[in-house]
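Below are the structure tokens for one structure; questions will follow.
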Amino acid sequence: MARINREEVERVAALARLRLSDREADQMAAELDAVLGFAESLQELDTSGIEPTSHPIPLSTPRRDDTPAAVLDTELIAANAPQFSDSAFLVPKVIDSETEG
Amino acid sequence: MSEGVPTLRDLRAALAASEVTSVELVDACLARAEASQATLHAFVGLRPEAALASARESDARRERGELRSGIDGIPIAIKDNIVQAGEPAACASRILEGFVSPYSATAIEKLERSGAIVVGRTNMDEFAMGSSTEHSVAGPTRNPWNLERTPGGSSGGSAVAVAAGIVPAALGSDTGGSIRQPASLCGVVGLKPTYGRVSRWGLVAFASSLDQIGVFTRTAADCASLLEVVAGHDPRDSTSIPESVPSYADALNGDLEGLRLGLPREYFAEEGADPRVLEVVGAAVAELERAGAKIVEVDLPHTRYATATYYLIANAEASSNLARFDGVRYGHRARGAEGLTDMYCLSRSEGFGAEVKRRIILGTYVLSAGYYDAYYRKAQQVRTLLRRDFERAFEVCDALVTPTSPEVAFPLGQKIGDPLAMYLSDVYTVSANLAGIPGMSIPCGQVDELPVGLQLLGPALGELTLLRIADGFQRLTQHHQQSPGASA
Amino acid sequence: MNDRGGAEFEVVIGLEVHAHLQTRSKLFGPAPVSYGERPNHSVDPICLALPGVLPVLNARALELAVRASLAMHCEVHHRSIFARKSYFYPDLPKGYQISQYEEPLATGGWVDIPVEGGGDTSTKRVRLTRIHMEEDAGKSIHDDAVAGAGATSVDLNRSGVPLIEIVSEPDLRSAEEATAYLRTIRALLRYTEVSNADMEKGHLRCDVNVSLRPRGSEEYGTRTELKNLNSFRFIEEAVDAEVARQTEILERGECVRQCTLGYDPQTHLTHVLRLKEDADDYRYFPDPDLVPLVLSETEIERVRKQIPELAEQKCERFRTEYGLSEYDALQLTVTRSLADFFETAARAHGQPKPVANWILRDVLQALKERDLEIDDSPLEAESLARLIRLVDEGKTTAKSARGLVPELVERGGDPVALVDERGLGAVSDAGLIEKSVVEVLEENPDNVELYRSGEEKVVNFLIGQVMQKTQGKASPAIVREILERELRK
């Protein structure tokens, strides 16, 4: 049985805000299924009681002084922004049929 | 100058002897880069005016006797995922089209402070996701040893820029082998430092717990000189190691006597490896042994799980790191979207290439509700086992010696339709990123007139050991002096 | 309206309170924290999530979060983890919020809140689940006038401002308890100088989880979450409206659906913003850009020592040390500055009880009428003490002095000079008073007789008569002295 099917790919793509054509979704389901099948091998290992590694080098989080530094020039912000007006970014409104969050 | 393509050290000597100026070096470098674009396509952008202006300043400093460092005036190329103020940084992706960084990476600031001159940005797999430099919005980079072959990736452009003699040194990034594998396939030296040794501030993140900026050069000695400049603690990177940087270059003496080199059994028993590559690597090991190194066999029993572990962790982190590319504040925004969600989906779907989308979806999947424990957490636990393998190995040896890649440069297009096959070309390199340890690839011979790389792995902060072995090997051999026919 | 849930159902409420920490720069970067700045004028590459930026923790924010946790009796953990919470929204630049999930900064803890019952004020202990640190998002403004039709404008000034989230157990049973809890949290945050905790400015925000269950049931019902309630009044109204809505659903025999709700103060109704069925998949995982946050015991103890005396301790001390009633002590310790004001005035004057009376009766009234807090008023504690002493010494009358309080609250100034200026000095001219006394005695022979026959109480009536003659300006002490002397003649 497939580990991941097309519906699952589409659900995840929506979470990641990606839109796939039917062909892409089918192809991706096949490819991801192969990759996940390969990842199945990890299940052979007994990892009970093994601490997960999030960082390879053990460090504790450094802290900086609460000293404010310079802000970014608005012109530089505007230069990169697709749509910018009155020093604010503009985006299309959420329309009712769309789900968010 | 020595024969063949000049090294960083050669250029430094030539500058010191006033045989050449920095302006001349940079000019020649830009000319070679331009000339080679049609065949090699190593660069995605050059900065002639800015580079020449910096070169003039460097020459003026030299005149006044105010050199900033040993690499003052030396041209260097950087990968397209390291930001420089006032320059684009597109990570070879459409999603970052038009973006100009208002700030510089710490590594770039350090280069600038040392007087080195950034001449241009090199091609890469989009967001460093790939092993062939074919996944680039700008099109593929070609291997100078054989134009029908890939240079490896993802830092293929930087590897080629050095291999083809366009620049003496380049910066790249290595998340699972993206410096070492192209270094191996292009016949140059590539070093991925210990995780946290070089600041990630200004390196566009692929997988934050694996990414490291590193260097490409022709020799170990050059590699040491450049690493000294870019390494060091950075308070802007919470994962930066608060340790001072030793003087790498000064410590290279060619002495290999008594060094214990470990051969991981699993790496030489790899089914998919080209036996001719293993043979060339075996010969290099014999050479090191003759020079006084002691060879010991070691076990890294979890090696066969490394690639799967790597792809789960790297893609999970990537799916999150790439969420910021949403068409709101910078980069590509799709036209004609109806509503916010539509704008997100269209912009991201148009902006990212197929491989990036595949990885975002895989990474999102393994982090999503119900799968986290089975995939992501499991992979993090196996990561612990892989780390322990290395810790045990380094109790009995000073460094490990392995092939860098299971094969020589493969033909363009060969693996692009088969993601899993592409992922397996990183089989020897991903473990070092998972364990955070330094790794280096140096040329050690050829198969079918294509370079073979020898990988050296050391314990955390063991860069000096790797550089000494590499330097010792290069004093005894000429592999690093071989130049490809298609050099510029 | 107090009979929420009717007889059948019990109301169960838990609060998630977000409080801005009082820092100068943001949680993970050095951009300044500013309120009221033009949009996107308080941002740097980190707030904008430009490619390649990295977070570094603000030491001050951590200290304040630890302080708040300790003040609320939580266990602060030696190791905690920052995690990424992923969702797409234009005011969330990274596409994830750095928060804490599996291993938060602090867990457990409690606060005592005042509750009314049977006319008495008693306290109720509300348990806390956890306190964790996180960064705030920016602001999306869906206003056609600002962004143009069909567009939303995004301001990232608030993006990255440090927050703590305080999550309570579902221990609250009414809207009044919910607001009493929030007031207590606010007072604690202000006492400890962790946060300005100003709801109007968005320093303090609150999500309320509401569910109903049959009375006597141990299990919790399905809860709904009321979002973005930005005043105490709205919280009470929204909870009442939601309880009514849920009661109606349950009484119809239907099930409450899990959802997020908004409250419309115009219609006094709650409305569904989002159903939770499409299970929020936030894909939490440890932030690989931030390594574990490690706090040593020494460090935690150092922060513990910074915690000032808190309201409940002060209240207790005011009762024992100054002999105040519980009610008076509670009132005086509502804010740290009022308590400090009282103590300074009491020390300057020497007698805490009358000082407490003056503050509770006159000063608070004057403040309230002007919608001021004691901090906003130029009235100094020493001036109040001087004013009271003028009365004690007979240099002015209580009536005149009370008349000056509003002015002092509003404009400050020296009470001695004011009394002089306004001619409010008490009449202490013995000759003038004697004249009035003689007149009063002549006009009231019956009372004089009564006094002399032993009914000494009538002296108070006679004093009143003299005060009337002097239009209240005579010092009552001197009047009494002269009267008694004359009567004994």
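In order of appearance the chains are A, B and C, and numbering begins at 1 in each one.
Please note the rule applied: contacts are C-beta pairs under 8 Å (C-beta built on N, C-alpha and C of every residue); 3 or more make two chains touch, one makes a residue touch a chain.
In this text, all values refer to a predicted model and were calculated from it rather than measured experimentally.
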Find the most central chain, measuring centrality by the gap between its CA centroid and the centroid of all protein CA atoms shown.
A
B-C compared against A-B, more contacting pairs
A-B
Taking the mean of the C-alpha atoms as each chain's centre, how many Å separate chain A from chain C?
41
Averaged-CA centre spacing for the pair chain C and chain B, given as whole angstrom
57
Once you find the CA centre of chain A and the CA centre of chain B, what distance in Å lies between them?
24
At least two other chains touched by the same residue of chain B: list those residues.
99, 102, 209, 235, 238-239, 319, 323, 326, 328-330, 340-341, 344, 364, 368
Do you know which chain C residues sit against two or more other chains?
45, 48, 56-57, 88, 90, 152, 154, 281, 283, 288, 290-291
Specify, in ascending order, the residues of chain A that touch 2 or more different other chains.
15, 17, 54-55, 59, 61-62, 64, 72, 77, 83, 89, 91-94, 99-100
In the complex, chain A touches chain B at residues 4, 8-9, 12-20, 24, 28, 31-32, 34-36, 38-39, 41-43, 45, 47, 50-57, 59, 61-62, 64, 72-73, 76-77, 79-83, 89, 91-95, 97-100
Over in the complex, which chain B residues touch chain A? Could you list them?
98-100, 102, 194-196, 209, 235, 238-239, 241-242, 302, 304-305, 307-309, 311-312, 319, 323, 326-333, 337-346, 348-349, 352, 354, 357-358, 360-362, 364-365, 368, 374-375, 377-385, 387, 419-420, 423, 433-437, 460
Across the complex, what residues on chain C touch chain B?
45, 48-57, 84, 86, 88, 90, 93-96, 152, 154, 279, 281, 283-285, 287-291
Within the complex, chain C is touched by chain B residues 81-83, 89, 91, 96, 99, 101-103, 105, 200-205, 207-209, 235-239, 316-317, 319-320, 322-324, 326, 328-330, 340-341, 344, 364, 367-369, 372, 376
Chain C to chain A touching residues, read off their complex:
23-25, 30-33, 38-45, 48, 56-62, 81-82, 87-90, 141-142, 146-148, 150-156, 274, 278, 280-281, 283, 286, 288, 290-294
